[in-house]
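Pasting the structures in now, so scroll down.
Both of the next two complexes hold chain A, though its partner changes from chain B to chain C.
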Partner chain A sequence: MDEEIDTRKINNSFLRDHNYATEADIISTVEFNSTGELLATGDKGGRVVVFQREQESKNQPHRRGEYNVYSTFQSHEPEFDYLKSLEIEEKINKIRWLPQQNAAYFLLSTNDKTVKLWKISERDKRPEGYNLKDEEGRIRDPTTITTLRVPVLRPMDLMVEATPRRIFSNAHTYHINSISVNSDYETYMSTDDLRINLWNLEITNRSFNIVDIKPANMEELTEVITAAEFHPNQCNTFVYSSSKGSIRLCDMRTSALCDNHSKLFEEPEDPSNHSFFSEIISSISDVKFSHNGRYLMTRDYLTVKVWDINMESKPLETYQVHDYLRSKLCSLYENDCIFDKFECVWNGTDSVLMTGSYNNFFRMFDRNTKRDVTLEASRENSKPRAILKPRKVCVGGKRRKDEISVDSLDFSKKILHTAWHPNENIIAVAATNNLYIFQDKVN
Partner chain B sequence: MFSKGTKRKFSDGGEEISDESLLGARVASSYSLQRQSLLDMSLIKLQLCHMLVEPNLCRSVLIANTVRQIQEEMTHDGSWHMVTEAFCSAGQSPSERLVATEVLCRSREQDAEPKLFSVISYEGCREEEVVADETLCSVSVSDTVSNVCLAGRMGQCWEKSELSGVERDEEALEDSRLGSGEDEEIDTEDGASTESPKTIGQVFGTFEIKNGSPGPDSALEELFSDVDTSYYDLDTMLTGMQSAPKMGPYDLLDSLAPSHSSPSIVSTPNCRSDLNELDHIMEIIVGS
Partner chain C sequence: MAGAEGDDSLYPIAVLIDELRNEDVQLRLNSIKKLSTIALALGVERTRTELLPFLTDTIYDEDEVLLALAEQLGSFTVLVGGPEFVHCLLPPLESLATVEETVVRDKAVESLQKISQEHSPVDLEVHFVPLVKRLASGDWFTSRTSACGLFSVCYPRVSSTVKAEIRQHFRTLCSDDTPMVRRAASSKLGEFAKVLELDYVKSDIIPLFTALASDEQDSVRLLAVEAGVSIATLLPQEDLEDLVMPTLRQAAEDKSWRVRYMVADKFSELQKAVGPEITKNDLVPAFQNLLKDCEAEVRTAAANKVKVFCESLPEDSRETIIMTHILPCVKELVSDTNQHVKSALASVIMGLSTILGKDNTVEHLLPLFLVQLKDEYPEVRLNIISNLDCVNEVIGIRQLSQSLLPAIVELAEDAKWRVRLAIIEYMPLLAGQLGVEFFDEKLNSLCMAWLIDHVYAIREAATCNLMKLVEKFGAEWAQNTIVPKVLGMANDSNYLHRMTTLFCINALSEVCGQEITTKHMLPVVLKMSTDQVANVRFNVARCLQKIGPVLDSSALQADVKPVLEKLATDQDMDVKYFALEAISVLDLA
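This part shows the complex of A and B:
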């Protein structure tokens, strides 16, 4: 499929002038809100940047709703845990939007330990004409006041403010890797390596533990939770994935502690492919329900799999993301790339899957036509408003002209985080510290 | 980057080898070499944890599982048995060297499948015991005649500031002075404080050393009371090991001498004089 670049290659360090990538600017999460009007990114420095889509105007039809910076705020600060003498990173691990209920926008953002609910609201009017204060805000001498007036609201430049409304802390011993808002819009869950907690959005001093896989003896620990998500429609159902490649679907109605799963999705390992790295590459880095709630998508190191909720024995579909890396697993283990956690996303109609790879490549799989494409997110290779050219990695033998060989791939340029607009074919791709937004070509 | 362990061939008694089986043997030994280097790499990865920030639990668990897998396979092969034997026999004889990584065994009497945790063996070592705490490195020490304890808590293992310039002789000397099984404090888990998995026998334990051990050798205490113990922190030792010419655990195994010689610690030209002195005292105490 063809994608046109909107050229909104937004450098996330827009607040500063320099071009080099500072570590703090590395984007760590990307998420559209439920209408697609807003796009939030979180970075390693604890900042959240929210982009808003321009209203389409008839005067400039070619500028079909580009995304501009709407708000920036520091969500999390680095902390120090004195008990353990360890730093708590301020890196934003996940952002999830709440559905919009009034003029303000709400999102949840989390670092390793603390989840925060932020309210983003606009202010475009300012009261003027106070009786007791003058225009600069200084208190007036009461004796000088001779008349009374009613303050009026006057328009002012739009100001977008972000305020933390709830802080959910001290509930996680291990590092939070996921948050997921329930379809009841009252609760959400936060997941760390060994436990999942359920929160009420209004209550910050109490959470309920619903999954606990911590063994009594930590020496026996062999499996951790890697991701979790609520079902999009059924507020009692959620799934969580593990480092051993299994996905468990749980029903909160069965018991308070959902250690026993309702369903276990696991594909038996192919014995011909077995190696010392088999377990590592089977570890699931992301799990996502389809929008209709009938399918699950999981991402492990080399593949993306689609599961039918009703069939636990094996996935419905398996897509190879970068199978050419299978012979390089030892080197990837050595340089730690094998532990990279790639995310995966559905498009709005659940017909296309997208996930990232190395060398700033990302891949899309069309479930219906079974076609797939590799695209690249980089400044050098894409001109404004040009159609993205499909890329190809050549595995061996003769390398054709536009192909890139496996050994020339840049493993430091990895696309871990991507997002797809809920309704339209607009995608956001985070490549280290750059955010790329691509739109479908419209004639 | 990673030390290459000594190749362990499964020796079948010197029979004549034909070309084909020679090739097979080469393939097999190349596989075991690769496996060995994978094991070494994994163990080093487990050790090299980020100091300031907690290590990624998922990554640690996956690496630990890989190590366990290799270990199990090596056990089936018989190559593990040779390794553990070698180390266990070291328990009977004095050994001066630090074993670099967290391989190895409990004493032979314990379970057939050796658990992995690190060993610091030193003179007079009879039995190894794990000292566990949370995060990062784990250390095993024996209960021996020597009851010397070192002060100071092992916070984060790999203090970068201490990475440079630690002599290997210091660490070797160090070995001889780590002590006392009875006193080791194993941090009990309490909810919030233990984060890391104590997998494979406290791979991630922090070594906690206490001052002032009970026991008959209070005189020893006095002897060492004025010594600056920061040099003998585990991490300096281990990092010194790392910065030294690379040796895997099995290389050390090779160099373990059945008999110690009397300036049993490796003496190098730039050995500090007080260390030598203490060294000498150690000799006397342990009883050459």
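This part shows the complex of A and C:
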């Protein structure tokens, strides 16, 4: 496929009015389930919104692919830790879907401290008929009861319910940044700044610590864990990335505590490029295994890198996301943007990478053709059947038509979270409080 | 039953039926638990045609309701009209066997297993087997996992064609795409093998076992270990070497520590299943490796098995094997870097002395006990002390007393109160084995010191300990050694210590008998009734109530009654309450 021109917007997007958007509406995570039929978003207000893809219908074939709200629920509430005098935000940091096990859907959602397992199920029948009440709900005189009535189930309008099934709490001292479900369908891990814990999905009162990088003396702390993920099919392998730009691959077979990694992926720093900001911009904000498990993708502030898990010394490919910001690091440091945590995703065939930038721009890199494109998630091109046009940022003094200068980029409009349908060219892009869904041109 | 005009007996049943869908889970649960009452009132016909269809669709409910329902249906056969109609129970149980909650699914499978026995052979093939097949080929893995547990119950009672189908279904599930199903199949493999004809065990089960034991998922492989043990018990000795041992050997050296852990954990069962010859040739070296494993969890599991493994070695070569192969590994474990390994070893190592006899114990084991008694982790020392009785039988505890005492004293003063609590609990045992003389000399002061510990749980355990000591050493010993000290605390300036006196008296009065209680304890208790702290006063009332039955009736009337009457007019509410309670319990009103 070629995203450059063909990517068309045919979907509705879920826009909240800018003027009334509140902090709580900012989308903090986006995730497709394993079939792509459902898409979940979490926001800073602790809500989870699940979208379902419309089934194909004969009379409106083009509507195939439209995602509509399926279920909305409050996953997390603000809390207060009285022992530590800490406020715990309700913001949803991550959502991960579980493999489907019966007609219901299950997802894990987490804020800074607590992971919850939610069940989303449908109900289309309702029991009717009471013994002690009549049809209008009036109490009947007990003496008039001459026969027993067993309730009968009658069809009703489809109702979608979200119920909390498990609450995994009290295992993290620091802030949870990632959760990842193991390919054994039995366990998942939750990662905070210094530790990784392994949970059984059915057991909430016990978890096992598998990585602990907390130094005995906190003053010696030089590195934190920024993200972690299980291998897509080897249940014993996982990776975690650090604020120092390295990725460690661990094998749970060798020992119960995985403090000793089996592989360390790190690129030596180019001394000529060293600056005050080197360490900050080399911090990895996201790490993702490719679907086949062969490659790792990492995102740092300015680049996306692809690593072969058989080569630890340097990345296989490096893509510049917004190299024009290199000269602006100082002001990005001052407005804290340099600490933004951009995520990155693979397409279904591992041939294209996608990650976000500023000014509601997001980037795609085709690994085969080495072509890349900058696209914009905006209201103009969110109209049904609109086509996404590539955008360019100009660096020099002369600005051509359609180009935008680095200085006029809006740094408050950042695209941190994106998701790619597991096997089709449908993408979901969270631009602050708006969710855009774009699809490859149909027919 | 039904039909009578305004029948009063219908009302409670009507309530139960309505509450099946009450908003309150507890009420729904109550109703489900009385499902048999509802069914009885409805009669078999309506139960089959109305109640069961309704229940089949209630799978939206809370887990605990579903769990109760799954359990109830297992004993519902009579209520639907007996074995002839038992198949009516299949639809609701089938839907329960597909819910996501494992406990509910397992209970549904259990009930299905139960009612399968009530099916006639014909019904089994007409109704039950199709259900198993449906579950086995279900879209979702929950239904396929449930199917795994149902093959073994229907297999023995069906025709050979159906048997072949069942085997085929089981094979398919063993290579299912999802690890969940392979795990379920792996865990039921042993159970299924048991009901298969031996030829099929060899031709069908062995290949499945080998495949599951080399599955890519650790969690599947580790479950195959247990299946291997079951299969080994089924096969004749001469087939074990070829059919099972290669796979089990491979499991003992698996790359994943979790699989090796499982082997260590199941080692005694394995040993029993393969018999003495294979044990000598194969298991001994395997066990040595597990004891030296690089993962502490595996060493811990293996260390736990040291005693049982040694005990079950063939008698003719037991001592040589232990001395030349096992003991060297045990010696290394004593100074392991991991506390859990040492602690596991400490809990079983004493048991070796009975197997090895006096001389070997003194020469080889005693030094190890002494090292562990000085271990830096309290749990290790505690585990040694808690098993002293084994070694006492072989060499007598005196051999150890030199090192024992410092260890006990150190534990008795440990900063963690749970450690102190644990050692208190061993005191009566130690006292019994060390004798009264040694006790008075070395341990008595410790026991008294615990009475004024700053943690209540310790003080409480200490009083209980005193009672057990008196049971061992007798009332006379109590009167001479501990009663004076306990009563002395009644004058302590700390009211918590004064209360401890009362608690001790509560515990001791019965074992000390009427004379000591009346003569020595009662005056102190009565005196304390004027204590300025209300807590002490109401505990006096409670104490009097407790020791009352031990006292003779004259003392009760002359001494106890007036004091309680006075306390009954106390300013403090609680004192009054307990005084009045004591008066009524002791019948002094």
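Keep this in mind: the second predicted complex is superposed on the first by the 405 of 443 C-alpha atoms of A that agree within 3 Å, B and C clash if a C-alpha of one lies under 4 Å from a C-alpha of the other, contacts with A are read in each partner's own complex, and residues count from 1 in each chain.
Assume a residue touches a chain if its C-beta (ideal position, glycine included) is under 8 Å from a C-beta of that chain, and two chains touch if they have at least 3 such contacts.
Being a predicted model, the structure only gives us computed values, none of them experimental.
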Could you classify chain B and chain C on chain A, in the superposed arrangement, as clash or fit?
fit
So, A:82: does it touch chain B (first), chain C (second), both, or neither?
neither
Between chain B (first) and chain C (second), which, if any, makes contact with A:224: first, second, both or neither?
first
Could you say whether A:339 touches chain B, chain C, both of them, or neither, answering first, second, both or neither?
first
Once aligned on A, the angle formed at the Cα centre of chain A by those of chain B and chain C, in degrees rounded to the nearest 10, is 90
By the touch definition at the top of the document, which applies to A:277: first (chain B), second (chain C), both, or neither?
first
Name the chain, either chain B or chain C, that contacts more residues of chain A.
C
Using the superposition on chain A described above, determine whether A:174 touches chain B (first), chain C (second), both, or neither.
first
Least Cα gap, in Å, left between chain B and chain C after the two complexes are fitted on chain A
16
Enumerate the residues of chain A that count as touching chain B in its complex and touching chain C in the other.
none
Tell me, which parts of chain B touch chain A in their complex?
1, 34-35, 38, 41, 45, 52-54, 56-59, 61-62, 64-66, 69-70, 134-135, 155-156, 189, 191-202
For the chain C and chain A complex, residues of the former touching the latter
2-7, 10-11, 13-15, 17-18, 20-21, 41-42, 46, 50-51, 53-54, 57, 60, 98-100, 102, 140-143, 178-180, 183, 216-219, 255-258, 294-297
Residue numbers on chain A that touch chain C, as the complex places them:
99-104, 106, 119, 121, 123, 125, 127, 130-133, 142-153, 165, 183-186, 202, 233-236, 252-256
Can you list the residues on chain A that touch chain B in the complex?
83-89, 112, 173-175, 193-194, 217-224, 226, 243, 276-277, 279-280, 283, 330, 333-334, 336, 339
